Each structure stands twice: as structure tokens, then as C-alpha cells.
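What follows is a short report on a single structure.
All chains are identified by letter, namely A, B and C, in their written order; residue positions are counted from 1 within each chain.
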């Protein structure tokens, strides 16, 4: 049984630790994340608030304040060692190799420039092209993201556009310099249902067309399933389970993943039947427990769980889990450690 | 589901966990800010001077000595020199604190109450009442404060009381505007809506929910106005519209020492230095308060 | 003064009857008088809420559900329309506004903004009872009791401030506050939308427990269709200020009649990686209620639109499976090829469960 894919991944995150030192006590936002993304692959990072998913994403572009953040580990994107890039190299990396789309376009777009101007500026900064050519490319981008009346909309300002259109414009801006990696931080969370599905499908389409690698952060499992090839579940700064979307949804093995899937309200439940809930609350990131971070809330926990951090157990091709009770090749997790 | 109470004892403890109240937290944060604490100490010192100045001063502020006019700093018996009538500068500065601070603080305090009343009423009521009140305020606000102060003082006549009145009128518009602005913001918040939904009267809502949340920011803004008020009051005295000689007041002293700039510039600068120091202290205090009150979620 | 809210009408009397509710917001004109217009936020909404049920309300931006909630709470005044609570008109002599307020309360979406940052939890909860005459000591007692009921131990939470609690805990406090007047009708305006999924599940369970314990009636507004389906007995779908469909929630979710409802339900992301959505059911963004289309407001985006749809506005009428729908395709004899007596009647699409 292969435990790792043999081709080198396009994005390779190893042993990433991110600690914020700005407040009274240091906050361990990310405690040892390993993640690989192949070229042209879409990986979704699922988790709740405090899981560290957004922090991981932002670290890929080194968006955190340098002075208040301690980062250890290694992040490789293509040939670039992201954590060791100089300021100039970082500016060339952002937008050109990897770019990002955010949850709230109104906050991410500059309100005093038209969309066209912002796209042209981005292109001009990274590539030596004439203004005309940049304009042509901006128009082509707007057409690609399916914005109606693109010539007119290029001159519009962010506040003049509707939510869905703004999100499309932001995607156009992110793809302006043809990056190889797209980072998406909850891009559809703030959108209406009918708009959300349009954007998710657009992302899927563009990703296939351009062969992009995508890391998609969300708390909505449904959105993740619509776009992702693989899903990684994060809890308290660690990836607790990772695998192909199909496997994770059909056969989740980590107690947290199972609990998360079971606590969803859906049509299968009878009226009045209470939802399965996860007791307790997420751990304090300034004071992480020694063992498994989920142990205090886990119905299956045994004493060892609180003592040692579980290592990665490979269950099948590409499906891994961090749980002491997980046994490869077994039907269920419920074999107690002797 | 895990129980939130202590599993062992059947009788629940009667002690309720208290947390630091808002002002307690603000106080602690304030005390951690060294600059703000320093400024607060300076202000405290000035207040002490204002109250006890006459007793602490070494000499008589009104005692002139024509033979000892404009002696420099460090002159025997007069550590800060003498003024144009031979009076001891140190004494005059110390005793002057009382009047200067009084002229600076009183108008702001009065304007705080009146301006808050106007602003909070306008802010909470909204609609045409708000428009009428605030546009009236804007008429006064349109005048530069110095000119307005001078015009009002001129109209009312010179003297301390009249300058206090004119300065109060000068400061009501900015305070009313800040009060209205903050109140309007608070009014939009869901907890005020929830209070309306519970059937409370406007007066009750303002008393319980609005006041506690708006008086803080208005107070901070008012503190920053004290420095301005002091300078304006000194200006009025300088122009002869406020305090009359021989009362020691820093602004007035600046006026009477004007001609001494050529002969004893250091002496002439002393009252200005006191005004400067007081303004900075109040401004830093206001800044510190504002930072301490911005408790982020 | 008694705090108990007595039943007035019988059990067949709707808890709340809304007829012809209209609310328009005027837009500011510029100096030349241009740009004048109205936002037709709520434009003729009528529905009933029955005692003891949970009525779900769904719709996207601009549909008017939040404005409707505020109109029901009388936080803003309606331009036209009538509100009848348990047989009595709201605002009339038999039911003055202040008494109505005791009967109907609301839980808002933003748990932090809903609480006065300067008041302790028990003070926040005790405020409303005290406004209605309860002495302070008893109001505090009731507040502590309610905290217990919503799963927050009073010893730990009564004297805390909002910033010390988590989102889920704050929302529990907001629910306790909504119950402080022993109200019978609770409007939940996106009350769980801002919470993490695991916390949301806990709060939903709590809402169900409280509903049983106190015999409450809920109006549950949410954009999360799965949660609405789970919580509601009946569901109402709104579009551009009007009700387009209303009926039993299971029937609606399985046999949606209105094309907009069908599109909305098809937009729910699938949880099956093998059956991913291929084409979006609707193109474009939800439109602005400033200049709504003529006739049926959905006709500009509807795949089945025909001439009559842009000419005349359909009203709610019974549809095939018992729900009410506002669509010409379900009006017998209407000038639409899909109407029941016309040729080629279009059946409501079976939406995958």
C-alpha cells in the first residue's frame, strides 16, 4: 500500500507551525500541518472557527504581520521556498505564481479604482505589456468569468456591482497574471444560495481549463464537495483527516469528521429528532492540551489519547487520519488500544 | 452532554463568578499605558497647583518692585526671574494655574452637559427633529472658534464670567455633533432594537442602554477640548477680553510680557510654556483614555 | 400585574395573521430631483402563522424577509396592511402595542451586537420584565432561571459581560432574553447563521426543547435551506418582496411548484461527490427591489415565462400537492400553456431529496 504519492507535489507544506505573539499569551494557530497538493488538484480545507484553516492559507502568501508571527516549517510552491523569499521575490510570487480570493470582495477590492484599472495595474506590474494589451486581457478575463456587458463593467467600481458580480470580478483579478495556484478563503460563504452555486461551478470550470491547483477553505462541507478532489479536515490547528472527497464523505474515520457530518441538519432526519452534537467547546489555542486536541470532546477517547499526539495513520491510498484508534484495513475504528 | 456544574457537590455554590466591570477593565488598561499615566500625573500636579497655588507660592503675586523689573532666570531670590513690574515669575505662574485651568476646564464641562443633551436627543430621535437641531448647531459650528469666541466676548463684554459663557457657547456645537454621531451609531445596534422590541419607552432606553455607551466617547472628546479651551481663554485674556490685570493668568501674562521678548525672551516665553505643557498633558490624557476604552472584541 | 399571557382565541385561531403588508423605503433625491424612487422591500405579503408551529421563511437578498420580521415586531411601521395577533388587531384598543410586545419577541443574527456591552447577562435579560413592571429582584430571579433553562449555569454566566462569552453562549442569552416576557411567538431572524456548525446544532436542539417546554410558536428565517427544512413545519418562500410559495415543508422540498423555489432548492450543494451539480439553476444575482419587473416578478429569470407572466401578477393559489403558489402555471384556465387546463401542463419538478 502506497503511503505517499511518488511524484513531487506542486504545493508541499511540511510541519508548518504558526504562532501569533501579539497578545498576552502566544496563540498556536497552526501546530504541525503537512499538506501536499498536486498540479491541477483541488483540495478543500474544512474546519470551524479556530481550526487554523484560514491561517494556513494566508501563510502560503505570507500575509501575516512579520513581527507578530512565528512560522516554522517549510512551504514549497513549485520551485519557490515561500518562507525564505525576500521581499522582492515575494512580490513577484504573489499574483504571478499564487493568488488569493477572499470572502468579502468589498473589503478586498480597492474602492477608489474601477475594476478595469485594478486588473490592468496587476497585469502591468507583473508583465511587460502595453496598456492596450492589458485592456484586452482584462476584457477577456471578464468574459471568461461570465460577467455580462464586460466592457461596461470594466469601468464600474466595486460598490456599483452586485455581490455575485463582485466575486466574479475578484476571481478575474486573481487570475489576471495566470497563476498556477489559487487560494480561496471562504469565497462563497457570504453569497446567496443561487449565486453560490454559480461561483462554485465557475471555479471548477476555470480550474479545469487553466489546470490550476486550488486550495479552498470553507466551513461548508457541501461547498467543499462541489469543488474538491480531496478534502482535509482541520481541528485546533492540525489536520485530523485527509482523503479523496468520496472517501471522506462516505467513510469518515476520525471521530471529529464523523461528528461534523452527523451534526448537519438534512432531510434524512425526522421532524423533532434532535441533532447529534459535539459536547464541549474547541480548545484554547493559547493552551493546547498535550495529547489529541479533540480528546476532551471525543466519545471514543481512551486515556492514551490525552497523553500523546496521534501520528498520521495511512488507511488507504491517499486517505490518512490522526487518531490512536484508527487501524488500517479495518472496518471500524473501534478497536481499543490494548 | 457534560455538566457545567461541579459534579461533586449537590448544593450549588452561592458565589457568583464576577468579572471585571467595564470601567475596571478600562482603568487597568489605562494604567498599563506609561505615557497616559505620565500625562495624568502632570494633570494631577496642575490641579494641585490650581487648588493650593496661593499657599504654596513663595511670594506675593501682586507685589511689584520697580527696581527689580525683568530680572533673568536664576536671579537671586527669584528662580524664574521677574516680570515687567518686578513681580516674581514663579509665584505668578503657580498662582496663575488656578485661573488658567478654571478658564480652560469650566467651559468644557458646561458644554459637555449641554452639548450631550442636545446631541443625544437629536441622535436618538432622528427625523426632522434631528435635522432642525443639528443644522442650527452647524450654523455656530461654521464659525472658526477663535473668531466666535472673540465676537461673543466682544458682544457680552469683557470679564471672566462673560468669557466663560462665550467659550461654553463655542464648545457646545462640536460636542453636540460628536454626541449626535455616537448616539446615531448606537441607536442602529441590535441591542437597542431589542430594547425597543421589549416595549420600553424612549427615555428608559436612553437611560439604560444609550447613555452608558455614548458618554464615554463624548467624555474623551471633551477632554481633548480642554487644551483648546485653555488656549482660547488665554487668547481672550491676551486680547483684553477675559481676565483683567493684575490677576495672574497665563494668557494675560503672555500679553503683558510681549515687549520683553527683546530683552528677556526666556521670561516672556514662560507663560507660553505652561500653556503648552498643559495642552499636551490633556491631549495625551485624552488619547490614553480613548485607547483604554477601545476594548476590542 | 400578571405576567402570564392568556390565550384569547382558540387553538384554530392563527397565532398571527398578516394581510397585505406593504413597506416601501423612499430613496433620496439628488438636487435636481433625479434618482427618486422607492425600494419596494415588502410589497403585499399575506400569510398565517398557526399556533404551535414553526414557519420557516426563506429567500435571498432583496426578498424582504428581514424587513418583514421587523414589520412583524413593529420595529418599523408598515405603510399598508394588517397584523392580527390571536384574533386581535395589533395596535388597537384590545391589543395596544406594549401588550403585543410582551407576546412577540425576536432573536437577531449578530449575537454580539444584540447585547449591550455595558450590561451583565442577567441585567440584559431582566431589562424587559422590569420595563413591564416586574420588581428588580424578581426580574433577576427570572433572568437566572432562564439562564439555567438555556443551558448556561447562572453561577458562571449571570454576571458576565458579552465579550467574555462565545458566539453560541451569547445566542443562548439572546434566546433567554426573548423568553423573559413569557412571549408566545418568537421570531428567529437568522439566529443560528453566524454560528459554527457544531454550535448551531446545539442551539437548534435547545430551540426544539424550549418550544416543547413552553408551547412556543416560531417564525424561523434563514438562508440555510437544510436547517429550515429540519426545523419547520411549513415553509414560506419570498422573492422581491412577495410570497411566491408556502406550504408544508416536506411537500415543498419534495414537490416544489414555483420555478424559483425549484431553482433555490437545486442550488443546495450536493453532499454526493459522484453527483455534483453540473449547471447552475439560475443565472445572475437576485435583483434589486427598486424597480421590480412588471407582472410576475420572477418572469425575467424564469425558464417558463410567457406573455401573461409579464402582464399580470399572479396571486397565491392552491397547487397540486396542497401548497399555495403564486404562478400562472398553477392557475386553472390561465393564459399559460403550462396551466392545468391548458395543453402540455408542466408538472412541478421532483426535486431530489
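As a convention for this text, contacts are C-beta pairs under 8 Å (C-beta built on N, C-alpha and C of every residue); 3 or more make two chains touch, one makes a residue touch a chain.
Note that the coordinates shown come from a computational prediction; the quantities given were computed from them, not determined experimentally.
Of all chains, B has its CA centroid at the greatest distance from the CA centroid of chain A. By number of C-beta pairs in contact, the leading pair of chains is A-C. Annotation: 51 Å between the Cα-based centres of chain A and chain B.
Chain B and chain C have Cα centroids lying 49 Å from one another.
Separating the centre of chain A from that of chain C, both taken as means of CA atoms, is a distance of 33 Å.
Annotation for chain C: no residues touch 2 or more other chains.
Annotation for chain A: residues touching 2 or more other chains are 277.
Put simply, chain C touches chain B in their complex at residues 70, 73, 75, 97-98, 101-102, 105-106, 108, 110, 112-119, 124, 127-128, 131-132, 151-156, 158-161, 163-164, 174, 177, 181. Here chain C touches chain A in the complex through residues 60-61, 166, 196-198, 200-202, 204-205, 208, 223, 225-227, 229-231, 233, 253, 263-264, 266-274, 276-286, 288, 353, going by the rule given at the top. By the touch criterion given at the top, residues 4-5, 12-13, 15-19, 21-22, 189-191, 193-201, 204, 208-209, 212-213, 295, 297 of chain B touch chain C in their complex. Only residues 48-49, 148, 162-165, 192-198, 200-201, 219-223, 225-226, 244-246, 249, 259-260, 263-267, 269, 271-272, 274-278, 281 of chain A touch chain C when the two sit together in their complex.
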